[in-house]
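To start, the structure under review is shown below, and the notes come after it.
As written, the chain order gives the labels A, B and C, with residue 1 at the start of each chain.
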Amino acid sequence: MSLFKRYFNKKKYDAAHTVTWSEDMPSKGLFFKRFKKHKLAVIGFFYLAIILLAAIFAPLLAPYNPNEITDAFGEGPSMAHWLGTDDIGRDILSRVLYAARVSLSVGIGAVVISSAIGAVLGLIAGYFGGIIDGIIMRITDIFMSFPYIMFILVVASIVGPGLTNIILILGILGWPGIARLVRGNVLAIKQSDYVKAGMALGYSTPRILFKHILPNTIAPILIYATSGVAGAILDEAALSFLGLGVQPPDASWGNMLSSAQSITILTDQPWLWIPPGIFILLTVLSINYIGDALRDALDPRNVK
Amino acid sequence: MSQQTKTPLLTVKNVKTYYPVKTGFMNLQKSYVRAVDDVSFEIYEGETLGLVGESGCGKSTLGRTIIGLEPLTDGTILFDGKPMNFRTDRVSLSKQIQIVFQDPYSSLNPRLTIGDLLAEPLTVHKIVPHHEIQQEVSRLLALVGLSDSAKSRYPHEFSGGQRQRIGIARALALRPRLIICDEPVSALDVSIQAQIMNLFKKLQRELGLTYLFIAHGLGAVKYISDRIAVMFAGKIVEMGTTEEIFKNPQHEYTKKLLGAYPIPDPKKRSILTKP
Amino acid sequence: MFGYILRRLLIAVPVLFGVTIINFIIMRMAPGNPIDMLVSPKLPDAAREAKAIELGLNDPVYMQYWNWLKNLVMHGDLGYSMYTSEPVVSMILERMGPTLILMGTALVLGLLIAIPLGILSATKQYSKLDYIFVTGSFLGISIPNFFLGLILVYVFAVQLNWLPSGGMKEVGADGGFGTLLMHMILPIIVLVANVAGRNIRYVRSSMLEILGQDYLRTARAKGLKEVFVVNRHALRNALIPIVTIIGLEIPILFGGAVVIEQIFSWPGIGQLTLSSIMNRDYSTLMGLNLVAAFVVIAANILTDIVYAFVDPRIRKSYVGGAK
């Protein structure tokens, strides 16, 4: 959530930094040229592609069924089990691979939901203004007043844990940031002459909103959503770590780390918790680097 | 004076456009900026009314109020003798009045190709049958002097003058009778300005269009206007035929504006600019 | 200025109101009988039923909300814990101290690191130093705080045995300032890594933006030394947006506290939250959620007011209460 909150949340920051992205979007060639300047983002992109493929093809790649109990109990890395096994004999590598599915689906699923809700509310608030805007923005303020992780924890404890619930909770509670961002952009785009031309041409409001305004605010939504994916992956991990996310026996990087709260596992079986931790770190790091490169490549103020 | 017996195409009567400005403690007090303050005039079919005044005098606001882009605070606007209501008749009115904007860079949606941009109004209002849309787009492009190859390109691939031609083509798509030209040439290079002015003249001749032509200097409208209205601080201070305004200006402000208009002949210049 | 503050406070009223409504809705969604949240579970059944009627639990929902709100506003009453039967308010107040110590220290230290590093990074853009700081910043926001916490415990508490692995003091001992400090080091490192990570790039980009402004180019063109340009002209304007960081950090730190307190057995709000979840103690949970939201709103109001004081553009426009 950290990046999520950091960039666009504060009203004053919004006001001072809202850029009309619609003008002079970089061409595809220029976009790639700028993106490629960020070497770490390119590396991150390839890393993510590999993780994504590994997650999709986990059943083919995993040496064992993730819940299968092998005859090695709590053993360290070996040729048979590259990352060792846990105390009940499950293969860690297989579990890490299957857990990638959880992390990526939470990250993407939650952000798709929150972006859709946030974009629609932001569009409506910014376009219609007045009382509608006031109500939507106050609701946004209300949702932002709850400390995010704590709010999620409370809701999760009431709704109950599980993968689908986590995606829904993160998705439904994560929209305020996007709504504010989209609203700010709509306010700027609404004043542009091509929107006025659309009105003069007698276009319907939905047509103006979704065909003329929304496509011109896609770039900032995309950048924001990228950091949102990173945030959602971290949130799911934290939730699962605390026992309120994905429930065992299903594997998630977060709940695999949870076992390290026991001092014997922390001390004597580091292979149980270090690999999932590293995977979260690298995945989130890659996404954040990509988000940063996107920002640079899509920013219309950037002339190079 | 056959004009006087006809119904004017556009009648603007005592039009006011005020913007509330919140002031005072807790924003409770309201005061108003009087952008357009009690303006009346008429435009007849086929003529061009030039509307001039300095920046901030309310001329653009007036233009946008007429086409329903700014709220009408008070007064009436009649089109063809009938009152206009943009809330209920936006669709049918859009086929009667169109607008060409000042800034050719912000008036075209950067995400649409020129083909899509021009096809959209045709599709939305079913101006031509579906299978003739491409043909109609080509016709519109030809009308403003652009080639068919423009269809697949995006606005940023064109120069300012070309973009303005596209903006004009878009305004023509719905075959309107009145076009509000909101300083359509002031953002362009001088050499391009003349081309676009000629285009406006040509279109008026061929299509029988009526223009409300907004500009900030008299020089820009002299060439195209039949009559000229001079606006100052939200009010029309003088109105007359182009000849009257140039030969015999009545209002002090008009005289000042004339002084700012460069006279090509240096011998005459000194006489006219003398206050 | 007074007008501005008053306006800001008034805007907060509907938000506060909304927060209580949402909180109430969630509370009613919780499984179990709401009577358990409001009275001590030790009462006999007949008395409970009588109490339910007295408390108006058979009333329509909006009446219930109104009564609950009245209790909250008039008496600061958040009901009783469904688990320990203690008043929720006193449980929260008891745990507030340790959490505030942790959050406050982390916030101050984190900013003390982020601000100079961010400024240095911006003034030496594209240098090695800039590269290192920015990379560090990315690491700080990308590492899950519980993973970093576990690593620190593993290295410094288990392997090296330099620092305690959790709690605020030694078991059975009274503890003093020294032991408290020792116990704080690891959790503070984790939180500071997060705070600094989030903000180095924020400060950097805010500084870069200012450095690119025309008036700084003018200052340079006048022949002023770069050090002077940065200190005298850029720094002041770059620091203004940083005020908002504090408002942004507080809700995030609250969230972070839940995880960190769990790992380091820190007896604060976060641990209370988790134990309430485990014990299905919804009344305490709701109280915690509400108090946390109040703290965030208060922090936001304070930030806005401070911002108004620092930023001459806002200060000027509100002089004498006019506009």
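Simple rule for what comes next: contacts are C-beta pairs under 8 Å (C-beta built on N, C-alpha and C of every residue); 3 or more make two chains touch, one makes a residue touch a chain.
Computed from a prediction, not measured in an experiment: that's the story for all the values here.
Which chain has its C-alpha centroid farthest away from the centroid of chain B?
Centroid comparison gives C as the farthest chain from chain B.
Taking each chain's centre as the average of its Cα atoms, which is closest to the average over all protein Cα atoms shown?
A
Please work out the Cα centroid separation of chain A and chain C, and write it as a whole number of Å.
Averaging C-alpha atoms per chain gives centres 22 Å apart.
Which whole number of Å gives the spacing of the CA centres of chain B and chain C?
So the centre of chain B lies 55 Å away from the centre of chain C.
Between chain A and chain B, tell me the centre distance in angstrom, where each centre is the average of that chain's C-alpha atoms.
47
How about chain A: which of its residues touch chain C in the complex?
1-3, 5-6, 9-10, 12-13, 16, 40, 138-139, 141-151, 153-155, 157-159, 230, 234, 237-238, 241-242, 244, 254, 257, 260-261, 263, 266-267, 270, 273, 277, 280-281, 284-285, 288-289, 292
In the complex of these two chains, what residues of chain C are touching chain A?
Result: residues 14-15, 18-19, 22, 26, 29-31, 135, 138-139, 141-147, 150-151, 153-154, 158, 165, 194, 197-198, 202, 241, 244, 247-248, 250-252, 254-256, 258-259, 262-263, 273-274, 277, 280, 282, 285-286, 288-289, 292-293, 296-297, 300, 307 of chain C touch chain A.
Could you please specify the touching residues of chain B with respect to chain A in the complex?
My answer: residues 64, 67-69, 90-95, 97-99, 101-103, 105-111, 120-121, 124-125, 156, 167, 170, 173-174.
Quick one: in the complex, what on chain A touches chain B?
Within the complex, chain A touches chain B at residues 22-25, 192-194, 196-204, 207, 212, 215-216.
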